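What follows is one structure encoded as structure tokens, with my remarks underneath.
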């Protein structure tokens, strides 16, 4: 299969990058240019990724692993090489430790599910620690696990400026703690959490550390070995890849020791009607036909991001976030939920605007072509923590420009006047 | 969003249909034309589906349900209208009863998993009935369920001519039986099973009837209400759709009564740190960002199949299978596993060829551009039942021609001579 | 600008000065409904008097559309026959699901006709329906209670 | 035709008349390995004598490639030093993973060099490696047993 053309940019040229994204040419509502500020929800896809996706289906489509024919070998090769790309993208020691799931949520459910039984299964008295700033997908799986096993769910609170309240870390994470699962970069507050510090405490008591990196892997260079964690979950559609694919990375010894999740084709070693034995990693956790074309396209997304350079992507994210924070904090009656300084912070800014409801803010912005998200962004507890039911969120990515931020600020002004 | 152009064919014109499938132009190994006889493994994709997929990403890509902006509304509309198409394609009474999963295997695991707890959860003494001709994806989930709950797994045997042995149906399905799960059309034997008869007995004892329709929905008109079943699982990639998407249909009362499967964003009603309540159908079973673009493309696949007409697709499948059966049974030393008459039979033919190992058969065929599958096709028990470890399988779809069958027969002759 | 098709003056008026807002006694049934996507919530009480809706009171958290819709709802049902309220409910739901296609019946819907434009925005339809769904639920429960001759309040979370 | 790059005459010869086939006594360890994709299986026994591989016997179900590979393996290791066998193992694995790129060392691999063409077919690499993986597993177990001075057979399913 031909290599996807990779964009390489000496200096970061956002206008040039934007040309890679066909959708950024869209006009909405009365021919207004699209201002897409909802990338924390899902990112847009560059032509380089879409081309690989189409080429796969038009030239190489086949099921994998099972086929002894040319297409089968090409498809298997493309799928497995995507796994290798992902592994090296996040610094995983081995591609076998990368499990393709359908999204981040499934990856988090996978790890929570396999901790429900077997030797390492949780029991009454055991504790799971999460935080108040988690996405619902890193709350509900652990609630279900605790319900099913009788374990207890505990959580870190959040300070008024949107940081984890770590003052009680030594009592919260204690000898009963079996799992500590938390978000790397919050999709609501933007907060970047101190992974090493929490992981160290968790490991000191023998707990497994799970990191929800759904927002961080798209934005920052992430090295799972450097972070010192055990399991990481992230998702293709937020990192220029297709929908329908997510990833779990886990340390080999851990994944090998845990029981299977879904059963079926490809995850077995041998099947009799009475009992089955299971395949080694990564197949053990990939039952049925995987998202083959999605993995191949995701590999192209990884190539695309690598071509730009994750350092450059992160630098752009920092700059645009700093620009947005300073512009937004000037807007009268605007209150940012989360850190207002661009330090240890990702590119999602949630805010309230006086008494104008976020739905109404977003609707007015949409009327001017500006796409933001309104609601609780799958983080109801953290909104409650800040005394609101919902907020408006603007979020950025490698193609976001400062003039789009200016348009947002102007739009907010219109919203306030409309409802004022 | 523009409507996908739907192929409509007065008389069934396989050559015309083939033009819809770009990959059928492929040449493999020394420029030989591709003869793709591995459609039971995965089907090829028509241009009409790929165009919709690309158009979605280039024009409408957004996350769904959560966004108050133009793209979000377009994407939500496209996703939900795919659900409606699928519902009407299989005669489901309501689109809310269609759950998008990542593949058939996940759909089967979903139902097996949610029967592990809650009010309808299985207990020791309860029984689950499957058959010896199941795909591993309809065996292992039930083994896991039985392991976890202490229930007992039982199964129908298979006769020498590849039919279910129903002689002991009344003892096998008895008052302890809670679930009966079986394949509609076998991917190994091709057998079409008598759904109504088995469902009637299962319902007489109050058991839930689960049908693995992974092979039948692509090939036959399927009406879930007529079949009188409770749950059905099938998969996008075998029906001209993309990888990364499968479907579960279940009766509303049943799905409403069962507990959630995966937890996370979109499947909740309200979340607090202490506990959560869950959304109604279908969202309750769709945690996280679903395979959005995949669903949209799958909707186009349903349009494509509907445009041809499932009766026409089924008629073609019957004809080509009859042609292949009569050609193959002429081949010396070739032994078909499963029904040798084209009656109550789908279009997958597994066979052995003297003492030549299926891998070697497939490799020689591949050398001549012919793609078949060799192995146990995720059906190790049924192969053991017929005293072999593996077989070669040729399988057909709406684009298969009789001259491709002729090429297969000629290729088999070469394989025999090579290893003779 | 097409935003005006959603934000009709009538809607903005009801939003700025909502009618019948606040929880009142006495009541037969209180319900609490939630919009899972955005977290908007309403607590709504219904008092029936035979076949008449004698009071509907509510406390809610939500956008202009959901606030105005609750206000319009109470205008339409308080002091009216339950059946008339249910007819309005049916009309309103049909209007909201019409994707901008339906011509609303002003006889039945009065101020609620202003929501026709909202029906073009599927994401906002849920906002408009929140209070209506709550009212229907509460009314059905209240009717059930009264036929069972029970007077206890049911705080159902649905 | 490129099929011949896989099906070298040497391979077909070993396939038609496999060497050392059949399970024999005495043995230190017996293992059973499976290729999950196709269901091919091998039962393989190893007898060590100090640092020498005194016998390897096997019974297998599989394609020409896996049969021939087992035959070639036994030729290479029986009567040789364990270390020489492990060197051949390393070379063979490297060859099979080379995707047709490696130039095999005939000194070490002898007839096994014929498998160079198989390495271009990833789906068949597992077939070629099945017996080799089983042998390495069995040998490691036998060495462990002998250092622990235990003589019991371990029927490990791995």
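Residue numbering begins at 1 within each chain, and the chains themselves are lettered A, B, C and D in the order written.
FYI, a contact is a pair of C-beta atoms (placed from the backbone, for glycine too) under 8 Å apart; a residue touches a chain by one contact, two chains touch by 3 or more.
From a predicted model like this one, the values you see are computed outputs, not experimental measurements.
Asks: Does A-C or B-C have more contacting C-beta pairs?
Replies: A-C
Asks: As a test of understanding: of all chains, whose mean C-alpha position lies farthest from that of chain D?
Replies: Ranked by distance of C-alpha centres from chain D, the top chain is C.
Asks: Starting from the mean Cα coordinates of chain C and chain D, work out the distance between those two points in Å.
Replies: Distance between chain centres: 75 Å.
Asks: Centre to centre, by mean C-alpha position, how many angstrom separate chain A and chain B?
Replies: Those two chain centres are 30 Å apart.
Asks: Using mean CA coordinates as chain centres, what's the gap between chain A and chain C in Å?
Replies: 38
Asks: Using mean CA coordinates as chain centres, what's the chain B-chain C distance in Å?
Replies: 44
Asks: Hey, what residues on chain C touch two or more of the other chains?
Replies: Chain C, residues with two or more chain partners: 37, 39, 121, 124.
Asks: Provide the list of chain B residues touching at least two other chains, using ranges where the numbers run on.
Replies: Only 29, 66-68, 72, 268, 270, 359, 363, 374-375, 380 qualify.
Asks: Quick check: in the complex, which residue numbers of chain D touch chain B?
Replies: For this pair, the touching residues of chain D are 1-3, 6-7, 12, 37-41, 61-65, 121, 124, 127.
Asks: Sort out for me which residues of chain A touch chain C in the complex.
Replies: 29-30, 357-360, 363-364, 367, 374-376, 380, 383, 389-390, 418-419
Asks: Quick one: which bits of chain B touch chain A in the complex? Just the residue numbers, please.
Replies: 22-23, 26, 28-29, 34, 36, 38, 41-42, 44-45, 50, 53-54, 57-63, 66-72, 101-106, 108-109, 112, 117, 132, 135-141, 143-144, 148, 153, 155, 235, 237, 242-246, 260, 262-268, 270-273, 275-276, 287-294, 359, 362-363, 365-366, 369-375, 377-378, 380-381, 384
Asks: Report the residues of chain A in contact with chain D in the complex, numbered from low to high.
Replies: Per the stated touch rule, the residues are 65-68, 72-73, 76-77, 268-270, 277, 279, 283.
Asks: Show which residues of chain D lie in contact with chain A when the two form their complex.
Replies: Touch residues, chain D against chain A: 34, 36-37, 39, 121-124, 157.
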